[in-house]
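In the two complexes that follow, chain A is the common piece, with chain B as its partner first and chain C second.
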Partner chain A sequence: MTSVAAASATLQDTAVALHVRSIRKSFGNQEVLRGIDLDVQRGEFLTLLGPSGSGKTTLLRIIAGFESPDSGEMKLQGRDISRLSPAERGLGMVFQQYALFPHLTVAENVGYGLRMRRWESGPLRARVEHMLEIVGLPHLAGRKPRQLSGGQQQRVALARALAYEPELLLMDEPLGALDKNLRLQMEEELRRVHRELGTTVVYVTHDQEEALALSDRIAVMADGRLVGLDTPTALYQRPTTAFVAKFFANANLVPATATATAGAGRAEITAGESRFTVDSELRGDVVLAVRPRSLRTGEQPGGLVLGGTVVDSLLLGDDRQVRVDVAGIGAIVARIDAAQPGEFEPGSPLTLSVAVRDVTVLAP
Partner chain B sequence: MTTRVGRTLDGIFSWTGRLVVGLSVAFMAIPALFIMVLSFSNDRHIGFPPETWGLDRYVEVLTSRTWLDPIVLSLEIAALTALFALILVVPAVLGMKRGNLPGGTVLESAAVAPMLFPIAAYAVGLYAVFAEADLLGTFHGIVIAHVVHAVPMVVIVLSTALDRVRPELELAAMTMGASRARAWIGITLRLLTPAVFGAATLAFVTSFDEAVFITFLGGPGLVTLPKSIFDSVQYGVDPSITAVATILMVVTAVLMLGATRMRKDVR
Partner chain C sequence: MSVPTHQAPKRAGRTRERGTWTPQLSRRAGILLVTPLVLAVLLLVVYPILKLLYDSLTVGAGPGNYVDAVSSGAIRRAFVHTLLTSAAVTALSVGIGASLAWTLRRARHRVATALIWAAVLLPFWMGVVVKNYAFALLFAREGLVNEVLLGLGLVDRPVQLLYTTTAVIVGMTYTMIPYAVLALYPSMSAVDLELMNAADGLGASRRRTFTSILLPLVMPGFIAAAAIVFAISIGFYVTPVLLGGAQAPFIATVIGDDIFTFFDYPRAAAASVLLLAIALLAIGAALKAVGLKAIRGGLG
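Then we have the complex of A and B:
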């Protein structure tokens, strides 16, 4: 019985690549991390997502060993790494500004970690060539970094960080310095490389679209805490906090009250003129998260109805983004089909509505 | 109408500019060229145009102790000045820029402050201090004065060079398995090397050329090359100074050009 429990514990341990417990960090009297718990599964692509100042970069730097936490523990494949130097942790890291060594060629950059590991020159050259093929730049091996474009430099940085097969790859806003088209292309590239090599990745970004496109799971951070941790789909469609709904899905937050009149597990929601029942245990003041895309023009029976005046309307190709000022609630942003007829000039009255199944009830 | 006036003004300004630049270049270059031409004369007295041509003056400079001793002394002082300035400044600049030192920027401006003092006024101050410390007329006294004089330039050259070396480079090397020392020497110091050479050259040249401190602090026993040229002009003119001056100018120009080239390479 005990041996089975022990075996299952080990099994669980090996599935976890990075284990982070109660990490705290302050700079002066500013508390940047207020107790972070996180388990990254082996082979997983996990994104730390949050606005600037949320502590995501500090957490990454602590995992890398550039900063030491005030308290807490960190294990990599079961090995305690919290007291090790960056070199001893054996991680790979990709920086926002590439951080390629300007005095070395592309091939020498990619081979740097291997040379530190005292690889023989034969296998070293073969591995460097292989890595450059994976990122699609074998023809640039002899160039200096300054002769490459930003996208090429970041691909070299990726090849360099993966060349010695680290147990964990850390990426600090690696696409932040690239323009939008290149970013989309690099996202595809990153997904492909991750699929091919199966490396465990912890990725930091403040861009929720990037997080959606890349991640197996997303950890949303705010104010030094983890406020949501789930798959992109779950976080997007069923956010668990108002902050996640707002930051991650750009949801509108509509204040409302919930009463228990509808029975156990059900709540009757009152928001402005609308009244409907949903599955919820929450009572009293609540907020309703409504994604811009689930709003329709006109009234829908039984749903949440929001009437107001148009403040601004923006044509975005297939979509039209309309900002409506609703009395007693504030600005509501809706994304509707651009082909839909209607008057969207500023000042025109407009009624928006959303079906009950698209409303998420959250604590304020 | 107004555009025509504007264009005429543009023309006038651009020609005045060219004239001023041309005159200042001529003003600086002509005496130098004049001396160079004279140095290849074998006449017994300096006179223009030279009547005989030859290398007698160079032979004289490189064989007689009157000139060779000051040259060697100047080279020794300049080399030591460059060395000590680097030993002082390299760690200081790294500490100020990379060490999260509180007040690092204040310290940096303080390091550059000696540049603001008029050199003669500063030499008077040093004279008092050196008299007190028994350093007047000593070899190491002059080296100390020259190091103090060279430090601001070395600080400026090295700190601007270090600003261009991103701290992430060292961190990247460390994640890839380099020890802190190895990352520091192999990456940061390696990238600073051209600037270190450039800074050393500047320190060397300022010391080699320096004539004010040596006049105030050198006393009778310590005769560097600039001092010896000055003395020679003052107490009867030895025609060899044309050769000495030419050597001084060429060596300085070559060193300065080399330093500039090296600093350009890092960019």
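Then we have the complex of A and C:
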């Protein structure tokens, strides 16, 4: 794994808020989690990102204690929590549909966890007020959840989960039910609350933009496995698996062949007509991950050149997204400057190219 | 008004309209179609009740019929017995019905769910005599229950089971459980199961989750179920006779005897009105407490 993960592994154990080892889970014949190892640093905002069915929500619910794993162990601040009930774990959880108690007011919802911890009414009321101020809803304390908008309910759920200062906050696609503008606004809000309170957060989403905007680190999940764990920048620019490149950065995957060449750790890559050398230990069949934005029109000497026919062209404001069918390779998506001159009508020939430094060689 | 605007196109294109289908009935057609139902309700429900009320106040001793009824020891005892037994039946039916309804709510296995539903609804499909005959067989001196008790050595001689209040309560509860389940199920299936998880995650014990979250949310269903079960129970006639015998009759039995054996129609009318009033009171109190929606949900 890359530098950040390596660096975090050398950190002292006390910096690890949540320690997850070899978690496995099956529902019937279906293996949902196939051995998950994960360390979440204290104060970190870590996102579990993956397509639906990748096991991310199951993992979160196992951490919360709503599902029990078939095997594996979990430690919270060094304390084994594998056999504890959700109540005993004392985590905060924000549910996908918020799960606010419909018969209780906003203030009673926020104060519920405190009441269960037998807080006195004075400090309880003060904390509830403080939490409602943090999420910007002090004027709605007396309302019932059904009288609130989706965004407001979301904030109440957040305040409720954070009121008793849990060691870990778990969030299951909390923005999934909101429309786009509200989602962007809530992302900002979440970042601010995380900054202000410094709570460790494990966040589940299938939306890579959301993950990019919020996370300190992102754990990419596919088919019950962790297939990438790194900072957003590293995952985006230096993906380590073809799945991460495709799912996370929408990269094009170009099949190619790597052969040994002069110099240790170098490989000669052949992809269609193009031939160039890169730093890589891989040999044989490989894929080249090329992000849509690193493609240029026209030929660049020494790089990967992809000639084909335009299938579709979409104007996206400042950008133009062009889909090009390249013989022997398939559809390639490029995102180029909309101001760039050229013929992008479907059927017109178009040559795309990418500099060698923007090509990532990965195992297929 | 809608009448003139409706008539306008009729004059304009009568032939075209004849073949088309519209989701809205004209007012005249609506009144015409609903008339039979209104007549049936008036004739079969409203008239008999009003006649009963009128008779109870005019025939025999007039309003004195009520004094007659209340001062009769047999009727007073029957009322007390009916109300107490019905209260026990209500508590048992709602209690058992609640656990069945919650099981149905939580069950994930489709076959298991179907079996529970079938078991719950079975008493609905059986005739009242068949149901009671089954219990009479079980509770008889040489019945299955006594055989098991004797076989296990729990008792030396057969226990008197038939013709006891316990037998009546068991038989009535068996009949009333479906009503309780059907009244409770809507309010229980409306509860988001994630709320239980939320409470658990916030530190609530199972008991606290039940008392602070689940119970308040399903309370309307409980009240509706209790009112429906109680109101139906106090009118039971066959089960108390077949399983309870003549020892401690239900009020319906006493009313029946008054009519068919003693020909004391005025007193029977007064007692009937009192019984009806208690049933209406139970339903009315529940309506006031939880509103029409919960009750209607319970009645299907």
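Keep in mind that, in the parts below, the second predicted complex is superposed on the first by the 352 of 364 C-alpha atoms of A that agree within 3 Å, B and C clash if a C-alpha of one lies under 4 Å from a C-alpha of the other, contacts with A are read in each partner's own complex, and residues count from 1 in each chain.
Everything that follows uses one rule, which is that a contact is a pair of C-beta atoms (placed from the backbone, for glycine too) under 8 Å apart; a residue touches a chain by one contact, two chains touch by 3 or more.
The model shown is predicted, which means the values in this text are computed figures rather than measured ones.
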item	value
Clash or fit, chain B versus chain C on superposed chain A	clash
First (chain B), second (chain C), both or neither touched by A:Tyr164	both
Which superposed partner A:Gly317 touches (first chain B, second chain C, both, neither)	neither
First (chain B), second (chain C), both or neither touched by A:Gly90	both
Chain B versus chain C as contact partner of A:Gly265, first or second or both or neither	neither
Touched partner set for A:Gly328, first chain B, second chain C, both or neither	neither
Which of chain B and chain C A:Gly28 touches, first, second, both or neither	neither
Doubly contacted chain A residues - partners chain C and chain B	64-66, 85-87, 89-93, 95, 97, 99, 101-103, 112-113, 116-117, 160-161, 164
Residues of chain A touching chain C in the complex	64-66, 85-87, 89-93, 95, 97, 99-103, 112-113, 116-117, 160-161, 164
Residue ranges of chain A in contact with chain B within the complex	64-66, 85-87, 89-93, 95, 97, 99, 101-103, 112-113, 116-117, 160-161, 164, 170
Contact set on chain C toward chain A in their complex	192, 194-195, 197-205, 208, 212-213, 216-217
Residues on chain B engaged by chain A in the complex (per definition of touch)	166, 168-169, 171-180, 182, 187, 190-191
